[in-house]
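Letters A, B and C mark the chains as written, and numbering starts fresh at 1 in each.
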Amino acid sequence: MWLSVIVLIPLAALVARSTDGGLDTFWSAVSSRQAVSALKLSLWTSLVVAAVNAVAGTATAWVLVRDEFRGKAVINALIDLPFALPTIVVGIILLALVGPTSPVGIHAIATTWAILMALLFVTLPFVVRSVQPVVKELDREMEEAAASLGASSTTIFRRVVLPSLVPAILSGAAMSFARAVGEFGSVILVAGNIPFHTQLASVYIFGQVESDDPIGAAAVAVVLLALSLAVLLAIAVLARRGARHER
Amino acid sequence: MSVDRRTRVGLRTLVLGYLTVLLLVPVGLVFYRTFEHGVTPVWQAITTPAAAHAFWLTLEIALIAVPLNTIFGVITALALVRGRFRGKAFVDALISLPFALSPVVIGLALLLVYGRGGWVSLPFQVIFAVPGMVLATVFVSLPFVVREVVPVLQEIGDEQEQAAATLGATRWQVFWRITLPAIRWGIAYGVVLTTARAIGEFGAVSVVSGRIAGQTQTLTLLVEQRFQNFDLSGAYAASALLGVIAIATLLVMTLLKPRKDQT
Amino acid sequence: MISVDAVTKQFGEFRALDDVSLDVHEGSLTALLGPSGSGKSTLLRVIAGLELPDDGRVVIDGEDATALPAQRRGIGFVFQHYAAFKHMTVRENVAFGLRIRKRPKAEVTAKVDELLGIVGLQGYQTRYPSQLSGGQRQRMALARALAIEPRVLLLDEPFGALDAKVRAELRAWLRRLHDEVHVTTVLVTHDQEEAMDVADRIVVLNEGRIEQTGTPRELYERPANGFVMSFLGPVARLGEALVRPHDLRVTAEPREGALEAMVQRIVHLGFEVRAELQLADGAPLSVQLTRDDALALELAHGDIVWVGHTVAPSEPETVAA
């Protein structure tokens, strides 16, 4: 009831009105060179970020659970910082770091590196928070049994630990992908918005709305929407599979 | 897994290094930059009329969105966990959508419904005005309370509620005296997350607001505008304010987390 | 006092209760006994009003309660996992039902203190359930249920979550409590020893149907069928019949009605001796003997003996298997 009003209707409108100008307009809006380039950029940067997070996030989760060191609690709390920080503030932060006034002498505005950094920042917590509880629940006896059978640490990790972590890693990575592909606030300042080079899909859509072409924007937006839905579906399927292995 | 000391320390260093570079250095830098020239300019920057208006507007929107989403969230969580109806998976997916959607897409969708030539025509202005911004904020902060309360509800099970029923309590009494106290920390945590999200929302609100200074500009939009006007120090100042709010949120979250997980 | 009339309850494909009818006498302590899935908990919850039957009626104290919600049936319910109100103190837990009924504060305090005294938890008023042991929590749950002076007390495997020693203590304590307070009580359990120990009458359920109703002794000595017999005590199969192992007699010489068997193994269990035999058709059979009997027979591995019922076959207390 409430849900429909807030969520369903706007989304339905989005999909429906994206074809306001007919299917041809839809197609040409989506396949315009600029749109395609923007979509491609969003796609591959999000994939890269998801992959990096999968590795870094797992390592972080592991260290946070299994290791002990001073200040661990503080670091643990700080992981959630990207969640709590407004995206535009993230943009400002990155600007300070890699912009013209950078203390480190890096000038990376309007490069894909800047985009990647922004995306990595905002998606940091996803894999970590997804994998952490699983590592906590790990049955250490399985690892001990493997060790008693002569397996080395790497082997134990690869064959005993990793398989249990994979569903959580995948769903965390999927969430960071979904977040990254639509990210707006943190990249708009730093990415420089050069069409065909550093223009992300979300920025492109925004541009289209500003230039008074909401229908064209809607077309590309529908593509993003479909992508998000696909990711959500994948996560749900993964969750179901993960639960089955819990015996 | 008893990893040898060298590997463990090595891994720890790698991770901490990654986190420092990605997290701590940028944040630290901004605070440094902000207060580089002392506190006074910062204070001035955040007490201009535009800034004050932006602050109150942000607060006002949050004060509408958060209670709405809290009430709705608790009801939905109850329906999802205790209710019996088909299509629970569908509702669950709908709840998760705001997480996975780009804020710009959300803003655009709202535009298409409530804007000029849109599906819905209301007697008051929605797009390019505050109601639209409230709608956008409600949309993006929708899931948090639901997602925090659902696992708590599942964890406590419904036996306490059954026991209360056998002792003569009506449905309302059961909810008020048994269910609600049991989920209060989950609700609290969800409210904190919702508030943080509502205050920090940028993309969706940006599309929907028209960015009319002094009228439809929230704190986040103010930051962007100052940047566009080359008022970097002003932008930093506003960011620092938002940053402080964020860190305060983080603190409350950290304090509440163990209580929430305790049930 | 309680009358269950042709009640049927289905959960999807699964038929939990199939045309069940039962009478519970006022002031009695009745046990619903059966294996998991037999429907005993479902039956209890139907009586309580926590489940609504698909068919049939429930009459409590002359009043048709079938459509009444649990709130208005005047029952007290105790759950296996206590269902304690975790965020309330012991006092608030026990007082809950009375507070709902808007009783004056003084009355509530007096009643709570009295009940806590009865269940042996005096002094625990301000503690929280998390600070109590399992046994204490269950006693609190009982006090809470009794506080509203129910006409019927229903207990769903109340001692199932406790360890053996506490279980035995609480079992005895429940019986004493019942003898003092005389509330009509229905208890669900899968433990036949518990049922035999505590109940006036036992109702044996299996696969949603009542197999037999009676006193513990009736059920043990005159079981209606093989299921009841094997559920309520150890059984041994002697040819076509089921007998109690302690009713079997072993002799070195053949006698009428006895079957031939070979001794496979002799186990000395302190006071008793268990002889594992093999009958002529290859079926195994366990027999219990006292030390003296075993000594008298001088049993050894490989001996041929004769196994039969202690009572002469003309008075069969055996049951067709």
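The rule is simple: a residue touches a chain if its C-beta (ideal position, glycine included) is under 8 Å from a C-beta of that chain, and two chains touch if they have at least 3 such contacts.
What you see is a predicted model, and the numbers here were worked out from it, not measured in a lab.
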Practice item. Specify the chain most distant from chain B by Cα centroid. Key: C
Review point. Can you name the chain whose C-alpha mean lies closest to the mean of all the C-alpha atoms?
Key: B
**Study point:** Gap in Å, rounded to a whole number, between the CA centres of chain B and chain A
**Key:** 17
Point to revise | Gap in Å, rounded to a whole number, between the CA centres of chain C and chain B | key: 53
Review point. What whole-number Å value describes the gap between the mean CA coordinates of chain A and chain C?
Key: 57
Exercise for review: Going by the contact rule at the top, pick out the chain B residues touching chain C in the complex.
Suggested key: 156, 159-160, 162-170, 173, 177-178, 181-182, 263
**Study point:** chain B-touching residues of chain A, taken from the complex the two chains share
**Key:** 2-3, 6-11, 13-14, 17, 56, 59-60, 62-63, 66-67, 69, 75, 77-89, 92-97, 101, 103, 117, 120-121, 124, 140, 143, 147, 153, 156-157, 161, 175, 178-179, 181-185, 188-189, 201-203, 205-206, 209, 214, 217-218, 221, 224-225, 228-229, 231-233, 236
**Study point:** Of chain C, residues touching chain B in the complex
**Key:** 48-50, 69-72, 75-77, 79, 81, 83-87, 96-97, 100-101, 141, 144-145, 148
Review point. Which residues, counting only chain B, touch chain A once they are in their complex?
Key: 1-4, 7-8, 11-12, 14-16, 18-19, 22-27, 29-30, 33, 72, 76, 89, 91, 93-113, 115, 118-120, 135, 138-139, 142, 193, 196, 199-203, 206-207, 219-221, 223-224, 227, 232, 235-236, 239, 242-243, 246-247, 249-251, 253-254
